[in-house]
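Shared chain: subunit A. Partners: subunit B in the first complex, subunit C in the second.
Our next item is the complex of A and B:
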């Protein structure tokens, strides 16, 4: 019997047990999993054994992994994290909309609208070219410096605007990739149906493009969730700044570890979900 | 002879590629009468599909004049051309070109809806019934076979009752039997609605069903003859 024999598929006979190929593949998978588990366990044991042998371990343990400090600061960190979540929640939709608009500007094909295209190019070049923290400083300190009345002089608002401006440039590039990935035949089909260029974009290109770049955008939004912490440099007391306050009060770094754990609790599931979407999409295309 | 619905006068099409300027169509002059079926034949790369695209305003002539229903297509802007096609033309492609995010019904209804038809979905539904896909209305293109997708494409092209039907090798991606069924449907639609049909094909038996056949070689009209169907 051949290795690839599918055991009477499509012959009307009842479904047989696994084929020889399936048994062989299962065995290969089992062996790979065993090797992976064994090597991971070895590395973990080595770390657990070796790290405490370092001369400064006791000091590090006391400064970074202090259970008492952790228990005392964790609720406060969680509360401060709500500000990170709030900043993320109102900046994410704005980034999505602005990113999409910039991407559409870059896709403009009519010669008369070239200034829009040029704007899209300059925008993405500028905001992708400047480090996020610099944009946060320039916008977060610069705009309130104009002497705006309250609440419009809040670094919370302008820091978030800085994040929106920067991330919109990255999201725009992702959308542009999605738009360009739609086969030219779809534009021809829309043209043959008599759809105007704006209708073609709205009904044919964008629904496909947006769906196609969901995993890539998920990764950007995960990065955004982490970069919200950069706003701490211009004032808002979010989780990173709160951890810094606790560190100064208690002369201990454990609050930073607590903050890292809170970030991981959000970003790891989101990253796994993005990976899952990516894998699902690759499978659907193959 | 009846009224000319499509006409090309010394039409030319050149495209700039990496290897320099390529002349796709040269000095094409022809007229298509209302209700006529015209077959465009010729070897691959002879410019058949480009000529069809020129007739539909999907490619813009780089020289000469192309007019349909008395409108100079070379003088229209993109959006005006789109409106003109929506009102007067139906196009069928070799690779179907359905919109994958829409169901069969939505694919057929979209152009009707955009042209303001209040009963777009009812008409789309009837059109799908007419091509034998009444049971597959809610299916997406990826859930359909090539022949079924082409039937949706036919329903989509015919739904707005276009005066001109353009078909670019509509059976090129289908097996013989399915292709035959598609051609029967296409000619049936054409007969029912009295549209003018221009058809690009490699298949001699399809060309033989047309009133007139034009052979293109190297971007020029090499021969023109009435086919057996017209005799």
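Our next item is the complex of A and C:
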């Protein structure tokens, strides 16, 4: 990889223009960009050339990257994805509220209210410790099995409950770290101003704590967006199940690739946004 | 590769243990042994007690009968387990043929090979006594208003849409056990299965299971026929097809069916 050296060094310029140091740094930047682009391109070309040379490539291509199957199933997948979006949309606020309540339980400091605190600890221990899919099975089939009448036994309701129970445990832990990150002196200051402990929490601690953990919560909600697909195990025909039906009928895994692309189209921008928020926050702190 | 196979055949023939007929010799993944795959677990009445080695159950019996026609003695048949996804994934297979009620469809046939059909399956409606008490009847109009479920991996899904066209979207599940669980939880009223599976579920798994009726195999435009699944281009296919053709012609396949799937007669037909 030949890189032409176009060094701009040694051309002393008057003060208003870029300094020699700036020119040098710009050159270094330009050069590392070129090298990065070059090596990325090389890796890509190697991948594109080498993978099809594998003996099983034709089979893999037919089973996973089948254009005909893709075109045939993609519209159906997109339609099924709307159900994922809907489930996410109604779960997320519930998770936020329940997570906050559990976090508050864990922060209770009055001795008489210790049972609340114990509940908070047990709750997060249990629901963070059980795989989501097991909670979905147990709640999604178990509770309706008690004999609830329709529509109260709907897998949509109980599947949502399972997701909310699990994710609230994670979100509660995130809120707790946020609450604990607010220095004790702020509570003391609030107390000296005559605020009750609940007012201190409401007007002093929480507004700062919630803002501080927004990026961490964003990550959890991205994970939630993907885990919504687990509801398919108890009946709802969302994108993962729809892809499974296509897979079974066509004996082809391409619909899964299509589903993955649809997920990526949502989660990559969301991840980037979370990264951006994190970067902004760390800049503000430093 | 060819050399290896050739030497293997030679050494095998020299050992004198060969019993395979002309057709099957040297075409199995392990020489002198026929590797057959079934589900994990394998269900009644296809395989009894999840033990295919016992030759008990319709598919176990068919597998041993086909093996015998191809010249494999009982002790030359070994069993492995596989899921549907493992069966259709690209790449080398770890079985010679795989039988677990795979319906033959033209789309599937593009990715894998199927033997000639060894069973024509009628589809049956499984429901519970409480639903029947509420007035469910074995006619299409009554069935349409029920809340339906099915195993997402089966041809019951397109069949449901084609033949019954339910008023509300069906709920789909990963396996039979989940469909039954949803039925117990009252989340679905009825589910569509192949008839022998439906009979098993109603008799053994569901306490108050009822078979409302069956759609005869010939009803849909493309009847549901079970075939043995083979790797695309497997040369063993012609040997298996020949064995199945023989068994169909001399009535031994029908005899096996009568032995294991006799209960399927007498289920009312849905008009």
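Observations on the structure shown:
Criterion: the second predicted complex is superposed on the first by the 258 of 286 C-alpha atoms of A that agree within 3 Å, B and C clash if a C-alpha of one lies under 4 Å from a C-alpha of the other, contacts with A are read in each partner's own complex, and residues count from 1 in each chain.
The rule is simple: a contact is a pair of C-beta atoms (placed from the backbone, for glycine too) under 8 Å apart; a residue touches a chain by one contact, two chains touch by 3 or more.
None of these values were measured; they are calculated from a predicted model.
Of the two partner chains, neither subunit B nor subunit C is touched by A:121. Legend: residue contacts after superposition of the two complexes on their common chain; A:194 is shown touching subunit B, with no touch to subunit C. By the touch criterion stated above, A:41 is placed in contact with neither subunit B nor subunit C. Among subunit B and subunit C, the chain that touches a larger number of residues in subunit A is C.
When the two complexes are overlaid on their common chain A, residue A:233 makes contact with subunit C while staying clear of subunit B. Of the two partner chains placed by superposition, A:28 touches none, neither subunit B nor subunit C. Judged by the touch definition given at the top, the superposed model places A:207 against subunit B, while subunit C stays out of reach.
In the overlay built on the shared chain, the residue A:82 is in contact with neither subunit B nor subunit C.
Once the two complexes are laid over each other on the shared chain, residue contacts for A:60 go to subunit C alone; subunit B is not touched. Within the complex formed with subunit A, the subunit C residues making contact are 84-85, 88-91, 105, 107-108, 110-112, 147, 149, 152-155, 157-158, 169-174, 178, 181-182, 184-188, 232. The part of subunit A that touches subunit C in the complex is made up of residues 56, 59-60, 62-64, 141, 144-145, 147-150, 153-155, 232-237, 241, 244-245, 247-253.
Across the complex, subunit B meets subunit A through its residues 56, 58, 78-79, 82-87, 89-91, 93, 95, 97-101, 110-111, 114-115, 156-157, 160.
Contact residues on subunit A toward subunit B in their complex (touch as defined above): 110, 185-186, 188-197, 199, 203-204, 207-208, 211.
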